[in-house]
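Structures given as structure tokens follow.
Here come two complexes built around chain A, the first alongside chain B, the second alongside chain C.
Our next item is the complex of A and B:
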């Protein structure tokens, strides 16, 4: 066992925004670069690591815990692409029990059994479900777990609201040794105004964009094969984007406390953008008619 | 412009809305209402909660409080799901189902009442659907969501009562029986003397010609009485506030009227007034007068004998008293002390956290302790504050009489006073059938107060 420090990173974002896709590609790129990586899915759906394992589901920590009172964490760790250790926290069926407590329990279980040290990991990447709705989903940003948080967000307002909520969570825990914000991974960036919106949000909240990730058919094709883009299309331009992102995250050292917008600021900010978008729409319509 | 349906009040929230840490508590949590179920003969609570919840509640209520014992089906008998991490994460309904199934096989009861603790209520266990499954098979099971964060055991008590009424007693559109009354009064087990007191209240009501669904305690007929609730002529709420919610529900459900008398009568004065009011409401006044007269003959014969001691004893009898108890006992005993013993109130403290909407009415009752004596009640739950208030009260040159709980032991020594443990927790009393209310209970209370006083320096 070495004394090196495992770099722990948490990736948050609204449901369906591409967190698991992005996280898995970061893990794959880091593994490709020779690092020892664990990807830890923190979502009751337990599908974060699917594309690292040929589309296959793995039994989650909580699946095991539902069968017996004491769980050996090794039984919940599976090897995936490039030797990535894949773990899914799992959780209860929708509508019952407490998924937040499930996440806490699963993370604690691996910590208690000192798995990160034993596996001599360089990176643990937590892929955390949606919004910071309750204490359980804030676990990876609380003291002693992840040091850096990144959020995946598109220019869609609901995704930005979720990111803003995450920033509130980070602000809350920042004084008590919690994780700080590395930045925004801007996903589905296909037009200039997408970039403008997300850039403006980053500026307003005093954070940075780590990488712009365009929407790409390559990703969809890879996922249909149950693979990451790094594995399925390593020579594609999209794979280069993910490798660049992984490199930036690997080199990233200084995270910061973001300045979340309050509800009024957020409303005014989005209303301002809504007006601009209507103007852009009108301008392009005028141009079309003129042509 | 955002406009709410009701404007927010200015300033700090009232005492009833405030919360915070308290020391030396004087009630249990909502799930303590497991003992409400256990107080009904042949009824067993099933506790769906974490390890230790059920034990803490019943130990506080039934051991540290008069060593009453958990009852036939309460206390340590009550089955528990003992919910742990697995039930938190995945929900505990499977475990509850298994527990009810096993309970029905092993335990013999007329009715089982599932009470829930914080865990199932927080994670949102659908306890209702589990219990309805058993109900549809004809099993006598009801459920009450009594998670501790919902309030104290007074809150839990009304939740349990309502659960039994709605899920077990059910609909009724038959005739009502004149002269049959449902009694809603002291909180079983919380009030150390509830068994004897309910027995005495039943004796009084029967004395004036009524038949009583006592509902709780050894003198109750158990679930047959609960089934008979809708047949009663009326509901009698004999307490400052507890039971009002249940009575209002019964009024709505069965169109059954209720009579609210905040004062549990202690001593002949109060008993005569209260019984006359009830008799007038029920239409049995004639019989009541004969009963009251007979009771007063006996009562005042004893008081006459007592008065020799009371007027002649020269070695320091209390002149002023402080009381810290639940609203029902605080009001009942204060009125007795003022009106029948001629004592003056030094501090009047209500400790059961009555809902805000009842507080003005309770305070008004205390203001009218007697025609010439006004009292100011304080609503406090924290023993530190309660002790501060009692310590700073003016007791004159006589030993203070403190009507309180075990928590006042050290304070009574400090003030060189006389302590009567009449409220939860009463850990230096063993209480079975003893009563402090009505005619007979008042005499017993006198004996106890003055035995304690004269033996104070022995």
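Our next item is the complex of A and C:
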């Protein structure tokens, strides 16, 4: 067993925002750079690691536990692109059971069997579903699991609300040795005002943007092949973006406590942006008419 | 697999040992053969080093049961200068009167001033389930400290807090820093393990992590940790004969006694179901040798147990002298008892390794034991030491048990089990099964005092008690004549106690 410290990172974000895509590309870029990486999907859909495995689903920790009471954690670990260890926590079907408890159970099983130490990992990256809706979804940011949290968000207000909720969770656990915020991965950044919105949110919550990731057809094409962009289009501009992101995450050391907006502040902030967006639209309409 | 003290929650028995709760394939020898000790890893059994994999029956329902949390309640509230905080809805505290009875009885048995045990509940309500119960927990710990000024606080988690994901570990650490005494979270959600004995492991895990001294300054070469349950202290006088002192844990121990476990010369127990985790972890993490021997039941078991302690503490000579004295004292009495007990048939129903020991004692007394029910089965104990193969020892020393069953204390199955063997009497440890036996006209002997059948004197104790119990035979026959069982004729005619489980598979 090695004495080296495994860097544990949690990536949160609203469902459908590109969290698993981003996470898998970070994992792939880190593996490409020679690191030993585990990607741990914490979403009952259990599809976080698909693009690391040619589009293939793997049995989740909870699938195995529901089949038999006694599970060797090794059975839940599958090798993916670049030797990445892929694990899916899994969980119940929509509308039943408790997905939060599922995350607790799955993470606990791997910890108890000392898997992280045994595999001598450089990085464990948790890909965690959306809003921190209950105690279970906060497990990766509690003490002793991830040290750094990154959130994937677009400039969409619902995504920003989810990020703000996550910040509240981080604030809560920050006093007791929990994970701190590394920053925002700004996804689907295609226009200037997208950047302005997310920059403004980062400034208001006293955090930083780690990387702007543009929306790109390359990503979609790669995903349709069941691959990450790093694997399918390593020479593309988008792959460079992910590599730059992975490098920043690898070099990142000091995370901070964010200042989440309270409901009133968040309402006022989004209302302010709504007014500005209307103004931008009017201006472009006037310009069009004038032309 | 090695014990892992780094995580706050203990690994369940099923995961560590491959524990099962339902098996009914025949003889004790067959179960011993299928277990880890004889089969070993790699023989088509579990993956990696997960040990053997026994075929387990799965019943479609459970009539009644217990859970790890209940065990933790009993264990934690029995630590003399600690307070238990149950972080749960109030229903989980329903067992407290029973715990308190046990606590008071044991104080009396041990000659201590009788008082009530100390426990509080966070009494979680709907609101707490929605918003989280951590603040209430911290407030309750502070209140426990203010009211009782304990040396430590133990928190028993519950199913409810496990599901909502309360961060009990952090909550405990924060209050610990504030009040300056150990606040030990014990993760014992009942849904995690199908057998309550995981509760023993859970509290021992907490004690090992937070109470036992990490760097003991000195070794106490004459101190032996004895992992006990509620029972008379037969150990102090026995060990005194060998020039040793008994550190009795956890039941009625003080925090100081728990702290000094790492200073002891060895750890030992009367029941490896109970002590498996503690003794293995003390050896692995603190270098305190685990005594690797059969349990102290019957002459051969007690001899081997004492000799193993003697070897670990360099007291062979004095031990041999003690063994010889005890044999000389006890054997003639046992001979007399054997005469009186001749031709009797007994049935044993209790926790696994304790049952293995009691069968040995009954056979030492010449009693036929054609059937035994154990409430679970561990195919191996944590250290994996073959000397601790209690079931193997039973079979090798005293012969096979024809009808050996693993079943989780189900009243409805107990009826069919007794029909198989028709014993003259029953030996149990848990009260729930004796009313059924009584209604069948069978007297039962309840070993509420866990020390009762132990060692050389235990053979005499058990023999004498069986004679006393058989004296009440008429009473039980009268009960049988004037009572009935609550089951349908179809079930009463059923020969197979696991008919429902087998039908569910078929």
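To be clear about the criterion, the second predicted complex is superposed on the first by the 291 of 291 C-alpha atoms of A that agree within 3 Å, B and C clash if a C-alpha of one lies under 4 Å from a C-alpha of the other, contacts with A are read in each partner's own complex, and residues count from 1 in each chain.
Note that in this section a contact is a pair of C-beta atoms (placed from the backbone, for glycine too) under 8 Å apart; a residue touches a chain by one contact, two chains touch by 3 or more.
Note that this is a predicted model, so its numbers are computed, not measured.
Trainee: If we overlay the two complexes on their shared chain A, which of chain B and chain C does A:41 touch? Say first, second, both or neither.
Mentor: Once the two structures are laid over each other on A, A:41 reaches no partner at all.
Trainee: One more residue to check, A:102. First (chain B), second (chain C), both or neither?
Mentor: In the superposition, A:102 contacts chain B only.
Trainee: Between chain B and chain C, whom does A:92 touch in the aligned arrangement: first, second, both, or neither?
Mentor: Only chain B is touched by A:92; chain C is not.
Trainee: Could you say whether A:69 touches chain B, chain C, both of them, or neither, answering first, second, both or neither?
Mentor: After superposition on chain A, A:69 lies in contact with both partners, chain B and chain C.
Trainee: More residues of chain A are touched by which partner: chain B or chain C?
Mentor: Touching more of chain A: C.
Trainee: In the superposed view, which residues of chain A touch chain B and also chain C?
Mentor: Residues common to the chain A contacts of chain C and of chain B are 69, 98, 101, listed in rising order.
Trainee: Per the contact definition, I'd like the list of chain C residues that touch chain A in the complex.
Mentor: Residues of chain C touching chain A: 1, 4, 6-7, 9, 11, 14-15, 18, 46-48, 50, 53, 132, 162-167, 169-170, 173-174, 194.
Trainee: For the complex, give me every residue of chain A touching chain B.
Mentor: Going through chain A, the ones touching chain B are 62, 65-66, 69, 91-93, 96-99, 101-102, 105.
Trainee: Per the contact definition, I'd like the list of chain A residues that touch chain C in the complex.
Mentor: Chain A residues touching chain C: 69-72, 74-75, 98, 100-101, 104, 108-109, 111-114, 134-139, 142-143, 173, 176-178.
Trainee: Within their complex, state which residues of chain B touch chain A.
Mentor: Residues 85-91, 93, 122-126.
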